[in-house]
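Same chain, two partners: subunit A is paired with subunit B first, then with subunit C.
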Partner chain A sequence: MLARESLRPTSQVAEDLREIARGLLETGDVDVFIGYEEGSLPLRTTPAFVTRADDVSRLVWGHACENNLAVYLPKFEGKVGVVLKGCDARTLVNLIVEKQVRRDRVKIVGVPCGGVIDRRKLAARLAAAAGGGRTARAASETEDGVILARGDGFEATVPVEEVLSPSCTTCTHPVPVVYDFLAGDERWARQVCPKEQAYDDVDAFMGRGADERFTHFSKEIERCIECFACRQACPLCYCPECFVDRETPRWVGRWRDLSDRMVFHLGRALHTAGRCVDCGACRRACPAGIDLRLLTRRMERDALEFFGYESGADLEAVPLLATYRRDDPDDFIL
Partner chain B sequence: MRKRDFGAFVNHLAASCELFVPLDVGGMTLFSAIDSSDTCNGLGLENTTALPKRPLKELFFPQEEVLFAFDAGGGIETTEDTSAQPGGGVSPSGVVRVALGVRPCDARSLTILDLVFDAADYKDPYYVSRRRRTALVTFACSEPGMACFCTSVGGGPFDETGSDVVCADGGEEYVMWPLSAAGEGLLEGFAALREAGEEELEAVRKARAAAEARLAGNSVPVEKAVSKLGGAFDRPEWDDVHRKCLGCAACTYLCPTCHCFDIGDEATRTGGERVRNWDSCMFPLFTLHASGHNPRPSRKERFRQRIMHKFNYFVENHGTAACVGCGRCVENCPVNLDVRKVLEVFAAL
Partner chain C sequence: MVAFLCNWCSYAGADLAGTSRIQYPPNVRIVRVPCSGRVDPLLILKCLQQGADGVLVSGCHPGDCHYMAGNYLARRKFALLADLLDFFGIEKGRVQFSWVSAAEGEKFADVVKRVTESVRTLGRPTRLVKERQR
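Up next is the complex of A and B:
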């Protein structure tokens, strides 16, 4: 478990965000400012598209800001300001490198990130605390990283650290690598996961036998309802026509077969190879709670280990799959 | 019935019928067939443990369904027993499947699907046959969830619409009452049943009042929105309300009343199957013409379609909204795009 370096005053970050947004909207530097506002359920936020300086008070910040807002940027018309966490900023770097977003059209408001909550983990904790099928009716987070929840006849406290989205526990870039403005303070970001521990989860999974891995993968994918929320929530899945949607030729049958669903997931993982930054947005979007990182994390580690390529870290980088070097030793292939 | 006899009741049903209960499969609750109470994981009336994430419609209109198989020689074989004929309710003798632990909103959702699949002018034999053969034992909701708004769309936490038996929490006991001949048939012969006393009935009345009061606080101006939507097709509000939508199908696939489907053939050289599977108005392919033209080119038109179909076209065609207020779309939308907020926007016009 990683310790928090210092307390992260979420309300101060929100104040900063509002001030920055106000400035950008008032000067006309942006037409729209995309941030987070209070959602309709306890501890949920929802993306906010703010167009008037008077509305910046809607903007909030906290551990419930789970969406990756970079997903709205490809093909966005006009000038836009956007709030990005560390990992979100890396997906934007990729979008810029891949020429889907023009750098001069975006004002990046980075937030040194303290990690986001995994709603399912939290719900499970609260259900256990509430007992007897009672529902948490209100919840809030304190400045020092504790969630307080209340329902009829019960109260529960859960440390944020214990219900973090899994991506956040292995985060190597909580502070955005690129930004025009920074809301809050770098010292409030969560501690960086040491490089040598960052892929412990992948190693642990690879350490299991092939049969066991396949059974596990099958069990996860069996729950998939093919709603494609994972794909739609991913900033890097911007293809105008996804391979699973193609009819002529049809790559993936859309009926019944588990193998078809597997093809979707394997194909999507391969299409994000060298691009995925493990922001975790796909996993959090999935209504079935499928562990989509099983595949994407392996791709990410391979890119790093075999090619020394860290996705989304550098605006000048040539995308991994767009490079070719004659002197590449290829020693892991042959 | 004493609460501890519930397991025996499950076994009583399982002995004579194919029994489906909401089971947690890796965090995704869905109606699954069970043989005995041993496999039902302490299923009780508790809302949070029993409200299935996946909707009841699956038992009648599954996500993927083979309509018939064919072979190169011209042979055709239907794969589902569609012999049960339309007309009448479930007969006590005809019941072969029971769904236990249904929530009132889901039970009601079937009466909405009936308007589509069991209508005067068209009867879908696959759906109708399953409906005729299935009885519903509903759990009344003492603890409505934060996304529930059934009372705003004509339902309620103790609503009986569509159910054959309703079961409610009466303190120390479960109180059950049949609503159809099929429901009476299910209770018949279960020895642990006894006449409910005034104490239990009072507990049920109290639970009902509390649940309804809770939902009154969550009320959504649906009627008002419905009355405004007719003239709202071209309103600028759509530009705003759809904006954060990602265009996935979490909301429609998990909705108990959404019923759009696609039909295609899975063929090999020697034969194949004709398959029907769910489709969603939120996908671009849904309305893509062969010419390449798409009458709903962007997420805005697709999002508008979802709201308009549920709260305007369906009302005009069938006299009711295609929504039972279960809140699944609210809970499961990855960006928390809340249908209740959208209705509020149009109600305020």
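Up next is the complex of A and C:
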């Protein structure tokens, strides 16, 4: 028997979400409510834009609600209600402190988060369970965080915990830092990774030699097809003109030179420094399966280590690179 | 090597080194910029792509910025850039930073010497260099 606390009653959260959305739409507090609805494939969801109270039944909740819906907020004019997980809420905090979104225009419906599924990991697990080239035809998740999958002649169960998105295993804020409503119960959030451990893998990677590190990044970035889906998925990539699209000067060439792709990845990491919260949306969007977290998390770690700055934690914060302290690190300067 | 020097301090420091006839390695091409805060990390990456052996960015000492805080803001950016490049596996020393005032002709010459020496020990760059520049 599982203890009550370990249960993650996803359907209860969905019911809460629908109730809250209905209230907000009926009173006219929001013009549109952004949440998740069932996708066309099992265990996939897609963003839902609900404008009528009668449509709130479309809204769902579960470990497949992976998109960071904060990405839509800078683009909306009217009053918006939005469902945000812990990491998503931190990206919204950054959008607010960067004056891209007005706090009073958004009704935040926070969800204490149990983590989201990494589709690639799950696919690998199911392929192994099915064997012989068979594929799963149906899949669903149970209330207590187990995925059930069926295909021709096989059945498989996979605990969500074993196929979590890597961002979730190092998550420091599964409960949103800011919200107007909370759907579900804080006790249903996944366990918090202590801040001192959140970057252990980044530090371990730094422990390898420079040659090995460079080779690793070369191999990863070699697969980049410059589709910029990672940029599109990121709520913090709202610039009307991205540096990769600039013509004069052209920062990132179009000749599929590895060097150009590296500049894109380095530039992206720098532009997310002090802003990225490791929501993982970029990594999940990448069709090439590139490990996009390593560079951005190095910047996250540096922001904390060099400047004591935790991204997206505080609505009163001044953005990391828009301010300074006299005693900032200086020892690298001749 | 490419050296981005701020107009108000380091460029004047380089000028002083020249007018004082202080000898320093002739390996730098100087780019005058209004402030070290103007130096977008992308400019530095571009230099490395085009095959520069090294890049030096130099500005006013903390507290001396003509625009009050340009160098303080630059310092945060460069701390992140320096660590990111190191993490990425670009040799430490390819990109360096210094504070040189308008009165420090000697220091400018010394910085260029030190940077030139360390870049020389690293040899020709390959990482991040565009294929047709190799």
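By definition in this document, the second predicted complex is superposed on the first by the 322 of 334 C-alpha atoms of A that agree within 3 Å, B and C clash if a C-alpha of one lies under 4 Å from a C-alpha of the other, contacts with A are read in each partner's own complex, and residues count from 1 in each chain.
As a convention for this text, a residue touches a chain if its C-beta (ideal position, glycine included) is under 8 Å from a C-beta of that chain, and two chains touch if they have at least 3 such contacts.
What you see is a predicted model, and the numbers here were worked out from it, not measured in a lab.
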Item to check | Which superposed partner A:D302 touches (first subunit B, second subunit C, both, neither) | outcome: second
Item to check | Partner chain in contact with A:T45 - subunit B first, subunit C second, else both or neither | outcome: first
Checklist entry - Which of the two partners, first being subunit B and second being subunit C, lies in contact with A:G267: first, second, both, or neither? => result second
Next on the checklist: Touch test for A:V71: subunit B only (first), subunit C only (second), both, or neither?
Outcome noted: first
Checklist entry - Looking at the overlay, does A:F243 come into contact with subunit B only (first), subunit C only (second), both, or neither? => result second
Checklist entry - Taking the two structures together, which residues of subunit A meet both subunit B and subunit C? => result 253
Checklist entry - Where on subunit B does subunit A make contact in their complex? => result 25-28, 44-50, 53-54, 63-64, 66, 143-147, 240, 243-244, 246-250, 253-254, 262, 264, 266, 275, 277, 280, 283-285, 330-332, 334-338, 340-341
Checklist outcome for this item: Counting only contacts in the complex, subunit C reaches subunit A at residues 41-42, 45-46, 49, 62-63, 69, 72-73, 75-92, 96-99, 111, 114-115, 127-131
Checklist entry - Which subunit A residues qualify as touching subunit C in the complex? => result 205-206, 210-217, 243, 249, 251, 253, 257-260, 262-263, 266-267, 269-270, 273-274, 295, 298-299, 302-303, 306-307, 320-324, 326, 328-330, 332-334
Checklist entry - Which subunit A residues qualify as touching subunit B in the complex? => result 39-42, 44-47, 49, 67, 71-72, 120, 127, 130, 132-137, 152, 219-220, 223, 225-229, 231-233, 245, 247, 253-256, 284-285, 287-289
